[in-house]
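First the structure, which I've put down as structure tokens, then a few questions once you've had a look.
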Amino acid sequence: MAQPTDDARHGHAEREAARRRVRANWLLSAPALAMLAFAASGPLLIMLVYSFLTPGDYGGIVWKFSGEGWFQVLFSRDIFDETVGLADAHLTIFWRSLELSILTTLLALVLGFPTAYFIATRPREQRALWLFLVTIPFWTNLLIRTFAIMELIRNEGVINSILLWLGVIDAPLQMMFTEGATLVGMAYVYLPLMVLPLYAAMDRLDFRLVEAGYDLYATRLQVLRKVILPLVKPGVIAGSILVFIPSLGAYVTPRLLGGGRNMMMGNFIELQFGQGRNWPLGAALSITLLLVVMLALVVYVKNANKGGAGHG
Amino acid sequence: MADAARAAERPKRPRKPFSVQRMPGFATVAVICFVALYAPLFPLMIYSFNAGESIAVWQGFSWRWYESAWANEQVKEVTIRSLVVAAFASGISTALATLAALGTTRTASFKGQTVIYVMINQPLMVPEIVTGVALLIFFAMIKVATGYTGLAYLIAAHTAFCIPFAYLPIRARLEGMDKTLEAAAADLYATPWQAFRRVTLPLMAPGIVAGAMLAFVISLDDVVITELVKSAGQDTLPTYMLGQLRRAITPEINAISTALLAVTVALLTAIFFLSRSKE
Amino acid sequence: MIQSADVAVNVAGVSKIFGSGDQEVRALDDVSVAIRQNEFFTLLGPSGCGKTTLLRLLAGFEHPTRGEIFLNGTDIAGLPPNKRPVNTVFQSYALFPHLTVGQNIGFGLEMQGKPKAEVEQTVDAMLKLVRMEALKKRRTSQISGGQQQRVALARALAPHPEVLLLDEPLSALDFKLRKEMQLELKRLQNETGITFIFVTHDQEEALTMSDRIAVMRDGKILQVGGPREIYDRPAERFVADFIGDTNFLRAEILGVDGDAARLRLDAGGVEIAADLPEGAARSGAVTVVIRPERARFLGPDDAPPDGESALDARVEQMVYFGTDTHYHLRLGGDERFIARIQNDERLARAPAEGDSVRIAFPARAAQVLKD
């Protein structure tokens, strides 16, 4: 019998079948990918092109190459003598975005860690319900939740009313339109994004390891620092990045709570497409924001892979 | 001597049993968090029933703001627009996500699989403001080229960012599904189409329904992308509310918010129970 | 190959290779076996021996890289699972969770396009066969593991397949239920007259249930035979070792007469008679096996009865097992031997640790191995 050729033929047939399966997988995914390419990924490339064009007088662009968009991200020219200087206003906005995003992340971590731990230590049949309680605000309208915070901290809002009624203060505290308001609002809005991955990590935590820690004379704080924290570190990083990314690109919350003077990146970008009428600058700013986010994502993916290998 | 021995035998004051899982203060912080997540919503909901014009001074219970919102032609218009966009977006995105989930789960890993994952999850990774601005630019080009300024832009944008949300529960459902079930169907004389129709599809149905609902909620709630993509006069409920929030606020906004919250929570509760009905 | 009407399944020179290049795995290597009509045939072997692959080839979930598979004379190697008159009982049962017990059982018939009335009738008959009439309308998640097992059986039997394939169907059940289901399976096979091909790694299960057993290892069938034959006359070291406990002793062949040989054991130089399987060496050094329960103690002054052989040994350790005791013995020449002796109060004096004893075993209790 001509077995080698037989083998080769069968091998070929199997490879052919595998190739067919892969083709089917691509065909099934194709409609979704086409939609995403049309209305999500593709436009990003066009935006990249726009960042190198010249702004039109009434918004839009003129099809003429210009590096000005990118130049203006960091620098400004004096109107009169054309001297180049750092664009202080822009830097302030970048710094505020970064600062508020980091503070939001830390605040969410400080609040979210005990909360996730609390859920993970409930009896198993209760956990889904507690988790659901975290999930509801996560999926409910961001605008409404920001509005709820507005109502609390407005000059005529609930907090000021109560404090005035108690006689703690004589005049309402100005809480709206401050960086603090944006910070509290974002922490409130993004807290579930911290709790969910933290919980996922803690759910996998083997409490026999905690028992072993106590058995070996560790105090509660030592167990927390030396046993629990290292084991749930992937969850901490995942949660932090999941909060950091939307904070950095936040638009609604800083606009409503921070007001015009406390703009963040998101509002600044939008401005370029509204009153600013500088689309190339807006495009360049968007890509800058995207790059920072991608950097955070790379950290996240690296961390996730490491975590995965550690668990496997 | 004897007394001392007896004293040693006597049980010491009762101590709380040592709990391995307890961390001092954690439960307190957690309870504060849960309260803080929900507490701000209550004044909002309560004032939607205020008889007065203020959202700070309580003047008795009334349905007037619900009635006024219901009678408000503009609210009606934007609500219908929101529902239309959400219905199209969730329907289309769920159909596309279902196909993609079938193509990407329970298969031997293949070249380019990561590309598909990245593309599908891209709307989750890119900040909304960036996607919104990119769409603004792209759709402006198309508008100039074709002259068409209808609702299709909004629907397309919503469909795209709804895909990952629809995809997630469907994929989770499929991955939790025993592959031998389809093998069993084939063994019992079902053709591939029959196996899909009679076994795979019914089993993944809860995932599809959950995905569609999630997509609906996400589309209904979107502010940023809609704000940037919409043409003049294409406000949806959230962008309408955003505009109103910058003006003098009346409890009408509270009424609309409360109604929207109720719809969202109802859908989420349905999803919660759907995902629990594993068997 | 001779196609006799007696053969239900004929596997001819089948190989199955997964992957290619460096990752090539030869799951089945030129396997040929003929399975008879109405037979309870067991594929026995450790995990990774290829038994499940062979079953999946028969079911149609995999296709052979080389070779042919005949079902009642027809080559089915290229047919998809839904075109084969063969049904499977899956290890995990694979019951459809969205269907009731009755709908599960009727699924195959429905797919075959049988009229509703006939489906109903067969489903009821099947429920009766596996004694589950009361649970027809239940969801499969609402019944116990043993009941799920019965439903899986009924579902696979309902379309009355020519061959029923069972992939370790009892492995998920606890000990008592497993014993019960073994009898149940045997009864079902008798009542339906369908050829059963049963895959297991549990040698005891294989011995108690099968008409014939194929012992597999590394993608090859080592030996096919009835349970008694496989147990008493293992042809290879692996078969002897895998099934039951056994003693391996070194020996030299003195002479051969047909399928019997005269040997001299290295231990003590005693001469014994042993069975010689086909294909075994006919001279020189060989290994023989003797099952522990074949040995018995001789009194200090007893001579071995006619035809029996006797060995001197010393008791090193005794392990009590309730019905019997295992004596770990050391023979001359440093070889070890385990004797399993039934506990009997009437026995004059049981040996103790450290005692010198004489053991005897009947003629041809020993078997020469091929390897």
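Order of writing sets the chain letters: A, B and C. Residues in each chain are counted from 1.
In this text, a residue touches a chain if its C-beta (ideal position, glycine included) is under 8 Å from a C-beta of that chain, and two chains touch if they have at least 3 such contacts.
On a predicted model such as this, the values are computed, not experimentally measured, just so you know.
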* To do: Could you find the chain whose CA centre sits the greatest distance from that of subunit C?
  => A
* **Of A-B and B-C, pair with higher C-beta contact tally** => A-B
* Central subunit by CA centre of mass proxy -> B
* Averaged-CA centre spacing for the pair subunit C and subunit A, given as whole angstrom -> 59
* Structure fact -> subunit B and subunit C have mean C-alpha positions lying a whole-number Å distance apart equal to 55
* Go ahead and note the Å separation of the Cα centroids belonging to subunit A and subunit B. => 16
* **Residue numbers on subunit C that touch subunit B, as the complex places them** => 59-61, 80-83, 86-88, 90, 92, 94-98, 107-108, 111-112, 139, 141, 155-156, 159
* Structure fact -> In the complex, subunit A touches subunit B at residues 18, 21-22, 24-29, 31-33, 35-44, 46-47, 50, 60, 111-112, 114-115, 117-119, 121, 128, 132-137, 139-145, 147-152, 154, 156-158, 161, 188, 191-192, 195, 207, 210-211, 214, 220, 224, 245-246, 248-249, 251-252, 256, 265-266, 269-270, 273, 279, 282-283, 286-287, 289-290, 293-294, 297
* Partner subunit C, residues of subunit B touching it in the complex -> 178, 180-181, 183-191, 194-195, 198-199, 202-203, 279
* Provide the residue numbers of subunit B that touch subunit A in the complex, in ascending order. => 18, 20-34, 36-38, 40-41, 43-44, 47, 54-56, 92-93, 95-97, 99-100, 102-104, 107-108, 110-113, 116, 119-120, 122-123, 125-131, 133-138, 140-141, 156-157, 159-161, 163, 167, 214, 217-218, 220-221, 223-224, 227-228, 238, 241-242, 245, 253, 257, 260-261, 264-265, 268, 272, 276
